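Chain nomenclature is as follows: A, B, C, D, E and F, assigned in order of appearance, with residue numbering initiated at 1 for each chain independently.
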Amino acid sequence: MAVFDVNPIVQSLNQIRQDWREAQRRSREPGGREFPSRDAVAGVIESLKGALFPMRLGPTDLRHESEDFYVGHTLDTALHALLAQVRLELKYDSRLRPRPDAEIEAQAEQAVHAFAAALPGIRMLLDSDVLAAYQGDPAARSVDEVLLCYPGVLAMIHHRLAHQLYRLGLPLLARIAAELAHAQTGIDIHPGAQIGAGFFIDHGTGVVIGETAVIGERVRLYQAVTLGAKRFPVDAQGNLQKGLPRHPVVEDDVVIYAGATILGRVTLGRGAQIGGNVWLTHDVPPGGHVTQADSRHDALPGG
Amino acid sequence: MAVFDVNPIVQSLNQIRQDWREAQRRSREPGGREFPSRDAVAGVIESLKGALFPMRLGPTDLRHESEDFYVGHTLDTALHALLAQVRLELKYDSRLRPRPDAEIEAQAEQAVHAFAAALPGIRMLLDSDVLAAYQGDPAARSVDEVLLCYPGVLAMIHHRLAHQLYRLGLPLLARIAAELAHAQTGIDIHPGAQIGAGFFIDHGTGVVIGETAVIGERVRLYQAVTLGAKRFPVDAQGNLQKGLPRHPVVEDDVVIYAGATILGRVTLGRGAQIGGNVWLTHDVPPGGHVTQADSRHDALPGG
Amino acid sequence: MAVFDVNPIVQSLNQIRQDWREAQRRSREPGGREFPSRDAVAGVIESLKGALFPMRLGPTDLRHESEDFYVGHTLDTALHALLAQVRLELKYDSRLRPRPDAEIEAQAEQAVHAFAAALPGIRMLLDSDVLAAYQGDPAARSVDEVLLCYPGVLAMIHHRLAHQLYRLGLPLLARIAAELAHAQTGIDIHPGAQIGAGFFIDHGTGVVIGETAVIGERVRLYQAVTLGAKRFPVDAQGNLQKGLPRHPVVEDDVVIYAGATILGRVTLGRGAQIGGNVWLTHDVPPGGHVTQADSRHDALPGG
Amino acid sequence: MAVFDVNPIVQSLNQIRQDWREAQRRSREPGGREFPSRDAVAGVIESLKGALFPMRLGPTDLRHESEDFYVGHTLDTALHALLAQVRLELKYDSRLRPRPDAEIEAQAEQAVHAFAAALPGIRMLLDSDVLAAYQGDPAARSVDEVLLCYPGVLAMIHHRLAHQLYRLGLPLLARIAAELAHAQTGIDIHPGAQIGAGFFIDHGTGVVIGETAVIGERVRLYQAVTLGAKRFPVDAQGNLQKGLPRHPVVEDDVVIYAGATILGRVTLGRGAQIGGNVWLTHDVPPGGHVTQADSRHDALPGG
Amino acid sequence: MAVFDVNPIVQSLNQIRQDWREAQRRSREPGGREFPSRDAVAGVIESLKGALFPMRLGPTDLRHESEDFYVGHTLDTALHALLAQVRLELKYDSRLRPRPDAEIEAQAEQAVHAFAAALPGIRMLLDSDVLAAYQGDPAARSVDEVLLCYPGVLAMIHHRLAHQLYRLGLPLLARIAAELAHAQTGIDIHPGAQIGAGFFIDHGTGVVIGETAVIGERVRLYQAVTLGAKRFPVDAQGNLQKGLPRHPVVEDDVVIYAGATILGRVTLGRGAQIGGNVWLTHDVPPGGHVTQADSRHDALPGG
Amino acid sequence: MAVFDVNPIVQSLNQIRQDWREAQRRSREPGGREFPSRDAVAGVIESLKGALFPMRLGPTDLRHESEDFYVGHTLDTALHALLAQVRLELKYDSRLRPRPDAEIEAQAEQAVHAFAAALPGIRMLLDSDVLAAYQGDPAARSVDEVLLCYPGVLAMIHHRLAHQLYRLGLPLLARIAAELAHAQTGIDIHPGAQIGAGFFIDHGTGVVIGETAVIGERVRLYQAVTLGAKRFPVDAQGNLQKGLPRHPVVEDDVVIYAGATILGRVTLGRGAQIGGNVWLTHDVPPGGHVTQADSRHDALPGG
């Protein structure tokens, strides 16, 4: 029977971890992990999906007449589970800027309260997304099929919850929620992106939507569309400037076909249509149609 | 300890659900969910994968000499589990067009019978797909590696089962089966697509194949290829016309390289080769080679 | 209650399996499966992730002061589980080239020893990848967020382990490890690809990196980048020649933007920048910038 | 590798099953199992335990302020799960006495309605049992400890639910519920036994209480007490007569010490005390004390 | 956050293990566990229960028409899983009496072959036990209820399988199988006990049946009956003599009521009845009735 | 489809809970459960069993050469999990006697430290129990069989851990640990009982050992032995007096055969032997033999 002496490897790995922690200026205090858990966030999102759409995404043995019992119980436990994760993010965040535990606790509770209060509005937005998908895809047979089968709708459930977390100052939890959808759907929406009602992504694999993108109502996207940044803004010293608007503004009723790439803080005017595979780094007026043919005659900047 | 009063949120969500159901003209009758279950369909597909390829996708402790026992038992339970889901789809479908339960039951049983009878043919087609992958990829070391590792093969197992469900008038179950593969592989094949023997998709992420696509034998595709619709056909009143052929016809022995986009009811003639990233909305004659260079000189329509 | 007679289907499937085995020249000896198990490899990789990054990817109740206990125990069981899979691959491999069991066993143990010894180096490389992601993405808030959330980092953990397996003559296990990441991230890196320190893939969906690609240090890639083969090299008789260098060489500090396709054994010189959607089949000198505009003026070969 | 030819064993077992079914006059019609499921009943009982004692036997993350949500949701799903099992028992029961499905369905629903209506009363009885245990055992530190730790209390939760099922004409479900407690506690109470409020069994292993036993209020039992039948009543033809009273009547405030065996339709009068290991087949007057000494005509102390 | 330095405890425990191993003359060679696994044996027994009684103890979705498929597949995998455990016991057994691996392997396969061949006979015996329980208990409503609910029947399923293992020279596996039933039912039957057809234990908790007990046909026992050894036979040097007959012989049609204790190699003649709580250390003639009264020389009624 | 209106039942149950809480003088403050969890304690005990006997009760894939890694990791996580339960018990305990959180925390940590320090001693005691069982049972084939199969040994593992918890002022956790063994083995040992080295219980079902029992070294017990209280001591006012010695003292080398009942604070002198079914309420001198005959004043053989 083979024998592996793992001791030297354990020692090497220990040394590498110490080096890393020193390089990262981490103290090596005793204690456990203090970072939100992907599994815990996944559990919260699953519960919220059930609470938002009890008869369709809740337990299969749920019945109309006891929906509210289920919704109430599920919300209560999900919100408390979320609270625990919120505490972890805020505490992690306070490593560099220490502040009293009570202040963290108060902020955590406030954030979860606000998040809870936003849920009805999120459900209404998601209803509009489901309708948009149903109306926009000739293959869709019912709103229920759309809710249960379409990856674009799944991505939007995650996004609308993640965006709320992002707005409440919880970018890490928001990011985890978004990546959970990314892994399942291939759709990568940064939780910071602002997206209006009635949004629909068809097929979806390869879609990327950046942090400062602003999307109006009734916008439709196909697979592999990128709403990205042209370049990262830097200050006079050449440092990256965070938070500056650097992704497109997409106005109401715009349609963007598969594979199109829109880069930078450009505006696609109301009702514009962007053809497949188009590479676009300038504004499009309301009602404008851009095809690959058109885009060829641009002097196209580097990525 | 933080306390969240979930009652008002429960009430709001209840109101929103009522509004939705009224808007969707749903009665709010008591009762449970009557919609096929993603988990149940996933279970059926997993069982069928084991029944079709017992020594490779069945349980790890299976042995050659008892394969038939396993196959028979697994088929029997999988088909009955499928029957339950078929009933749910047909019943759901009869919401708008009510008909007697006995008729639904008869149709459900007939559909499962036909599905079962199609399984040997499906296995033979999948064997041809496995061989095509093995022969088409210089990196493939064995047919077993191909069956176990290649996402394109996984997608085709799902597709060939889903397509059978689609042909039997079960588009919802078919869709669920297809989306299960989409989530795992990033390959999005509509269950309506007709695909001949010896089909191979390499890498696969981002491939989209539309509902009315017709693909011949020994066709090979690479990642991010789209076989899509140019535009949705509308009737005189501007309503979407469903079911009209609107996706490409791809004849035998065609190869389509990564990122190519073929839109509309065009025909790629036998043995044609379509280069990477090509954007194509017209026919290609048998044996024709199209590269990005060629496609640049087209006046390219919008998406 | 519906009754399905599965006997004829069982018989048909049995016959088809026999035909397949004959066509593949497989004996139908009694016995069990002798092929590595995807689930077992997944378990090994999960354990190794925990052993490499105990406080971040290990169990949530782990504590600093007992890290080494966890690492040692986890390594020991993971390496023995890996050994079992290595034996399966080597045995499978010996079907065609039979050799003594003792030789297989010796090779298996040697391979696992070498794999274990490589782990500290892999951890150091992965630390450099995490830092590269943190420094390269203005949205990243901490190295911990990067390690836990970024699909590109997950793909690299799998790749650096898979590449080690590949180098040790275990291409099947390597492939399974790579496909596990592909399924989760949409990033498809062949385990044979050689990748230097500080590598970062942002977003990632649709990235494909081929078997003989060679990538230097501090290289950055965006989603949907392909480092592929232009054509498969054939010998005088027209047979595919395996193992010949056919994918790009990417030197240090190169950046390749989203959707770019680089095909064939070309070299992108140190510090080159390749714009989004560029289609490239020739060398780029050090420091060169290629944009879509430039690439339009090439006569572009077929895929 | 060893090979076992299971075919002859499969054939033998098949033949034995056929013989059995013929001997039992069972038709061998195709179809599935139609017998209540132990696992399903176990699930219902677990849910009901949570609904009856939400903060102590419900989920660990439950909170006071959302108890009712949990209770309502849990009751609803448990009652519907129970309904399915009730249907199975009634259908099984109708093998010999066929009757219309609608009648069975109506009876099933009626039974579950009545069962549900009895739950508040059952909770009150169980509260009295918990208090009795707390007051009766000097080692008990709190009512919560009693509810969570005492096997006698667990047995009574099962019994009070099982007895309700028994009274509603569901002896099979009742039996399954009782055996689940028997397996966990070693306490074997027939669901037919009538037991008043404030009942307490200490230690409990080996206790057997028969079907027609009638137990008053505030009775206390110790381990290995049997309330059994002396002999089975037979009619003139020597056939067993079912349902006749054949087990003891135990009046209020009786205490029966460990190992005592009381057989037959005798009455232990109010406040009687039966010593350990006593073997008793005759009545005891109110307030009477029986010790082993008495039962043996010599002097031994009471329990 | 509390910190526990587990190092000194780990060291102490290590030292104690070393002391133990030295005291037990165990070498501390590297390597894994080589002892049968309780969980593995439990899995084998569960599978065999399903294979013996497919429609009642097999999977709930099993259907008559595919019983044989299920039985064949389940037998095959259970027998191979058993083979692995048999190897472990024989290997463990050979610590003290080393012998060639090939011999162990041959013996293991032979044992499993013989075990498999005995299964049909075991099923027939168990059918007789089920009938005996049904006929012996006035409360029993059907043979199905008996098979599914009666702990005495569960204990006999385990015993008849365990006894076969015992006879095949696998006392450890036999013991594990017996203890699994003991834990669930409180019935402790040594796997060596020989028990004829039509055996029934009612209630069962506390029953103990010793290794050399010999029980005829149609014997009935109640709870807490002991068939034990009076004293352990010793040889001239005072050493325990193993394997000598030291437990009762119980002839056909004997009934033994609750709590009776029969000790030593006595014979209870055909049709004898032993009353409750009787303490008996001498033979009883055929047809004899012994009551507590007899055994104490005073008048007490029979059980 | 049946509809049950659970609202009135929910309301009734709510009212009953309120009544109960008022009767028990519980405030109904918002918040979660604050009581130790049976599942959590079970997890801790399982882990400790593995840490104490790594190669026999630890994970099946453990290997000698990495035992210490496993032991260290398992101890660390088990002790921290225990700490969380200790906090819950101490907090629950402080309901009536409020004290500062910091004091509770300090006591909790101190208790877990002391518990950890006691583990090596517990392992040594358990080794003596295993040896005693091996030497005392002629059927035992190896010390390993004893450790893995004997319910009496399992009960002692639980007891020796539970007794330590009891001594550290954690009677609730101790009780839960004891009841877990009771449910599996039918052996009910109060965690307060003091038991010397080399203790062995054979068969075990029905054994009851009371809180203040004191048992010497090398004592052996058989099934259904009770070491109980004769009566509960009361003070002048008739209130139960807790904690007074009320159970037997059993000196070294005593053997007590099956079914014997020893009640009250009597002393069984060194080397005494108590026969089966004996009922005993007085002292026995060292070396004394008591048989049922003695206790009944007539001649019956010893156990």
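Throughout what follows, contacts are C-beta pairs under 8 Å (C-beta built on N, C-alpha and C of every residue); 3 or more make two chains touch, one makes a residue touch a chain.
As the structure is a computational prediction, the values presented were derived from the model and not from experiment.
**Student:** Using the touch definition from the top, list the chains contacting both chain B and chain F.
**Tutor:** Chains that touch both chain B and chain F, as defined above, are A, C, D, E.
**Student:** By how many degrees does chain D turn when fitted onto chain E using C-alpha atoms, rounded in steps of 5?
**Tutor:** Result for this pair is 120 degrees.
**Student:** Among the chains, which has its CA centre at the largest distance from chain E's?
**Tutor:** Farthest from chain E by mean C-alpha position: A.
**Student:** Please work out the Cα centroid separation of chain B and chain E, and write it as a whole number of Å.
**Tutor:** Using C-alpha averages as centres, the distance is 53 Å.
**Student:** With centres defined as the mean C-alpha position, give me the chain D-chain F separation in Å.
**Tutor:** From the centre of chain D to the centre of chain F is 26 Å.
**Student:** At least two other chains touched by the same residue of chain D: list those residues.
**Tutor:** Expected reply: 3, 6, 10, 30-32, 61-63, 65-66, 68-69, 71-72, 75-76, 80, 186, 205-206, 224, 259, 277, 296.
**Student:** Quick check: in the complex, which residue numbers of chain B touch chain C?
**Tutor:** Touching chain C from chain B are residues 51-52, 54-56, 60-65, 67-68, 71-72, 75-76, 79-80, 83, 105, 108-109, 112-113, 116-117, 119-120, 123-124, 127, 138-139, 141-145, 148-151, 184-186, 203, 205-206, 222-224, 257-260, 273-278, 289-293, 296.
**Student:** Can you tell me which positions in chain B touch chain D when the two form their complex?
**Tutor:** By the definition above, chain B touches chain D via 3, 5-6, 10, 32, 63, 65-66, 69, 80.
**Student:** Where on chain D is chain A touching in the complex?
**Tutor:** 59, 61-63, 65-66, 68-73, 75-77, 80-81
**Student:** Would you pull the chain D residues touching chain E in the complex into a rising list?
**Tutor:** Interface residues on the chain D side: 2, 4, 6-7, 9-10, 12-14, 16-17, 20, 24, 28-33, 35, 37-39, 92, 171-172, 175-176, 179, 182-183, 186, 188, 190, 205-206, 208, 211, 224, 226, 228, 230-232, 240-242, 259, 261, 263, 277, 279, 281, 295-297.
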